[in-house]
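Heads up, the next two complexes both have chain A, just with different partners, chain B and then chain C.
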Partner chain A sequence: MVFDFNFVKEAFPIILMAVPMTLFLAVTSMLIGLVIGLIIALIRIYKVPVLRRIAEIYVSFIRGTPLVVQIYLAYYALPYEIVKIANDWGAGWTEKSLPSTLYAIVAFSLNASGYLSEAIRSALESVDAGQMEAAYSIGMTRMQGMIRIVIPQALIVALPNFGNLFLGLIKGTSIAFMISVREIMAVSVIEASVGYDFVETYLMAAIIYLAICFIFERLFKVIESNLKAHRAEITA
Partner chain B sequence: MISLNDIHKRFGNNEVLKGISLDVDRGEVVVILGPSGSGKTTLLRCINHLEKADRGQICIGDLLVNCTKLSKQDVLNLRKRTAMVFQHYNLFKNKTVLENVIEGPMIVQKIARDLALANGHLLLDKVGLSDKYDSYPYQLSGGQQQRVGIARALALNPEVILFDEPTSALDPELVGEVLQVMKKIAREGITMIVVTHEISFAMDIANKVIFMDGGVIVEQGVPSDIFVRPREERTRQFLKRIMPEYTYAI
Partner chain C sequence: MGQIIANAAGVILPALIKALPITLYMMVMSLIFGTILAVLLTAVSLRSKGPAKAIASGYVTFFRGTPELVQLYLIFFGMPQILTLLGIDISNWSAVSFAIITFSLNVAAYLSEVMRSAYLSVEPGQRDAAFSIGMSNLQALRRVVLPQAFAVALPNLGNTCIILLKDTSLAFTIGVIDIMGMAQIISARDFGVAQVEIYIVVSLIYWAMCVMLEQCSAYFEKIYKLGSAALT
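Right after this comes the complex of A and B.
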């Protein structure tokens, strides 16, 4: 096999152009996943009747089915329903009206929320119950105690897990190429198939993913050590 | 003026409080004694609704609430009139000493930051921690943490401060500094209800001593009566156990 450096020189910038899409998918899904995950975690911690069962089943489903299956479900099942509802309101849409990026984000957000909810739940439960009691004792509401006292402490516990899950999510977005979202993997496949330069292309993709993950790994480390410097013994 | 009327509380099959009634006057220091499991901590926690009493009335200043039907607002009102010092301090671990003290005034009472800060400095000076404003709780000894706990309670300017075994988790050599601060604020006329095993504190400072056992108040009175001439056999037995020298002190 001959390594085609000329191809690499040409294709590398093209693949790099897809990096923003990958980051967009990962960051957006992480943020939406955090919000949904927090809600699920609170439902389970406070044992809200009915909702709690639904949350449990939801998390089991997310964790028990492959990401590929979830993204296909989102891509093939959602458009039909969304278009039907939209047209009931007189929108006149077809199944192509919404970009497939949207379905990718739905799938990744829901997937992330399942895993994040578990990380959030265990972090919140690791905060000593006395902290909330103290917040109550000075007259705070549950909301104030959560936001000002419990969540900041839980965040320090959860951060390493968040970092792991986010790296997983970045790599997971590569599956979006299956529903033709133009992220790193999709662009790589397109470039490779022209001249069958698969090894070169996938090596480039690997290096790009590696670089992105390395940067975020560092970033999480910095945030972590900054928080810890101020609040060293919270976990103790 | 605080008054509790016929407070009942049960955990499952275990009836912890069987109708407690109690009056505390403004500026009074009331010490609650009793063997473990007698319900004294539960009683204290019912006053600021960290435990929900099943039945009874609580009156604090101008607020009268019925424990059977409490609204969320009632609960907040109870808590705004009380403050608590915990056995395990429960300082906010993500906040500095000073932030712990100003948190209630600023967030709950909406007092301006500079006012809250000035008062916070004063209170921390009072409990002898002028050099620890910016320390985090984990950097302090147990005794220092508990003094911050007392300053945090004082900062709320409550009608009453509830002390839940404030020295039980401390190393013996640190108990003194906390008791000293408690004596100081008692002399300033702060209303205090104290669950403790510190007999000497009760003798020196309490206006009233309450002896609880099995979910009822067995006996109450001024310290000199309770400690020197207890009327009830159960009180006598308990005192004998926690202060062996008592047998000779008569």
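Right after this comes the complex of A and C.
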């Protein structure tokens, strides 16, 4: 067996066509996760009485269970519940009519929200309390103070963590293959099983993931340096 | 509801617990081999320049930039093919061995980054001071630098262990009968009836293990810090 370059030439475009699905899963889950994560972070920061305990347990559960298990839980628990609720409202759905991608996004979003809430929380708490006090002292409301003063500073602290989490999410989308979502890993497995060209196919998949991660790493670095542009770096 | 919990506790849990040793075995072995490899990688990336350092850096980039699932499949399916070219036949190795190889290589990449940053966080003055009282390179390393680096590395080491434990849950895709593998067997046996309960129990087992690991890590951090009173 020599490295089958012909196979690589044929299969590479096919695997590339699955990249949009991977990116779609990652970006959507990241955005939804950010919203949920922000809510959870705020609940924990402001120590809302009952919800705070629930939020802590939620975050501990998300961070303490593997992504695969969360995906399987979503995949086996959600269809029945969603169909039941939809049919109560009169839609004639069956469990087969819902795409697996839906459950994958739910699982990834909840997973991302757990980790993102910790990143958001630590970033918000790293901004000096004096900043908020100064905002109050010139008459800003809490919302204005948050949006204009605190969040921009917190964003710079949070961005590296967000970048790492997003890269982790991109790698995590490979697990959606287990519930038959046609992303990069699923297509690779199908291609590999055709001619038993395992090494070539999985190396291609690996290189594609590396390229995606590299591009987003650069993107996050550019965003970071843009946000930090107004700060003078102290050079020792 | 009571019957569901009774079924979960009485039937599912014992069956899954039987597979727990395999999960722990994979985690511990991967940790051991991964640490050895990580020490090597860290030494190379700290001391060498040129090709060796590039190889180490490329290795870390590869294993941190690709999903664990891809790595598992690449090594499980690819390694036998490549080794057959060299005339070595490993077709009767167990799936656990491939899983341990993959996780060791993977965790070594992350551990080497942890070790490298911990080592670099110790100020050079410490090493200079050690040399100034006549210690050799190895003595300075062992007595002065490494203890301080270890204290810095401990939280990250704990996190990496927890992540490793969760990564081992993927081994069932190459046929390892660990907790997840057993869960698949049980759910297939019952014609897919109790799937949600099974995976809820699985998630509770992993959750419990991770919480225990977190407590262990916090405990070790505490005892390790007991000796170092702040100098400031």
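Heads up, the rule we're going with is that the second predicted complex is superposed on the first by the 229 of 236 C-alpha atoms of A that agree within 3 Å, B and C clash if a C-alpha of one lies under 4 Å from a C-alpha of the other, contacts with A are read in each partner's own complex, and residues count from 1 in each chain.
What we mean here is this: contacts are C-beta pairs under 8 Å (C-beta built on N, C-alpha and C of every residue); 3 or more make two chains touch, one makes a residue touch a chain.
Quick caveat, the model's predicted, so the values are computed rather than measured.
Engineer: Can A:Val222 be said to touch chain B (first), chain C (second), both, or neither?
Structural biologist: In the superposition, A:Val222 contacts neither chain B nor chain C.
Engineer: If you count the residues of chain A that each partner touches, which comes out higher, chain B or chain C?
Structural biologist: Comparing touch counts on chain A for chain B and chain C gives C.
Engineer: Under the stated touch criterion, which partner chain does A:Ser60 make contact with: chain B (first), chain C (second), both, or neither?
Structural biologist: second
Engineer: Figure out whether A:Ile14 sits in contact with chain B (first) or chain C (second), or with both, or with neither.
Structural biologist: The answer is neither, since A:Ile14 touches no partner chain.
Engineer: With the two structures laid over each other on chain A, which partner does A:Val48 touch: chain B (first), chain C (second), both, or neither?
Structural biologist: In the superposition, A:Val48 contacts neither chain B nor chain C.
Engineer: When the two structures are overlaid on chain A, which partner does A:Pro152 contact: first (chain B), second (chain C), both, or neither?
Structural biologist: After superposing on A, A:Pro152 lies in contact with chain B but is clear of chain C.
Engineer: Intersection of chain A residues contacting chain B with those contacting chain C?
Structural biologist: In chain A, nothing is touched by chain B and also by chain C.
Engineer: Going by the contact rule at the top, pick out the chain C residues touching chain A in the complex.
Structural biologist: Per the stated touch rule, the residues are 61-62, 65-71, 73-74, 77-78, 81-82, 84-85, 162, 166-167, 169-170, 173, 180, 195-196, 199-200, 202-203, 206-207, 209-211.
Engineer: Quick one: which bits of chain A touch chain C in the complex? Just the residue numbers, please.
Structural biologist: 1, 60-61, 63-70, 72-73, 76-77, 167, 171-175, 177-178, 185, 188-189, 192, 198-199, 202-203, 205-206, 209-210, 213-214
Engineer: Using the touch rule from the top, collect the residues of chain A that touch chain B in their complex.
Structural biologist: Per the stated touch rule, the residues are 128, 130-131, 133-141, 144, 148-149, 152-153, 230-234, 236.
Engineer: In the complex formed with chain A, which residues of chain B make contact?
Structural biologist: Against chain A, the touching part of chain B is residues 48-50, 76, 79-80, 82-84, 86, 88, 90-95, 103-104, 107-109, 136, 138, 152, 156.
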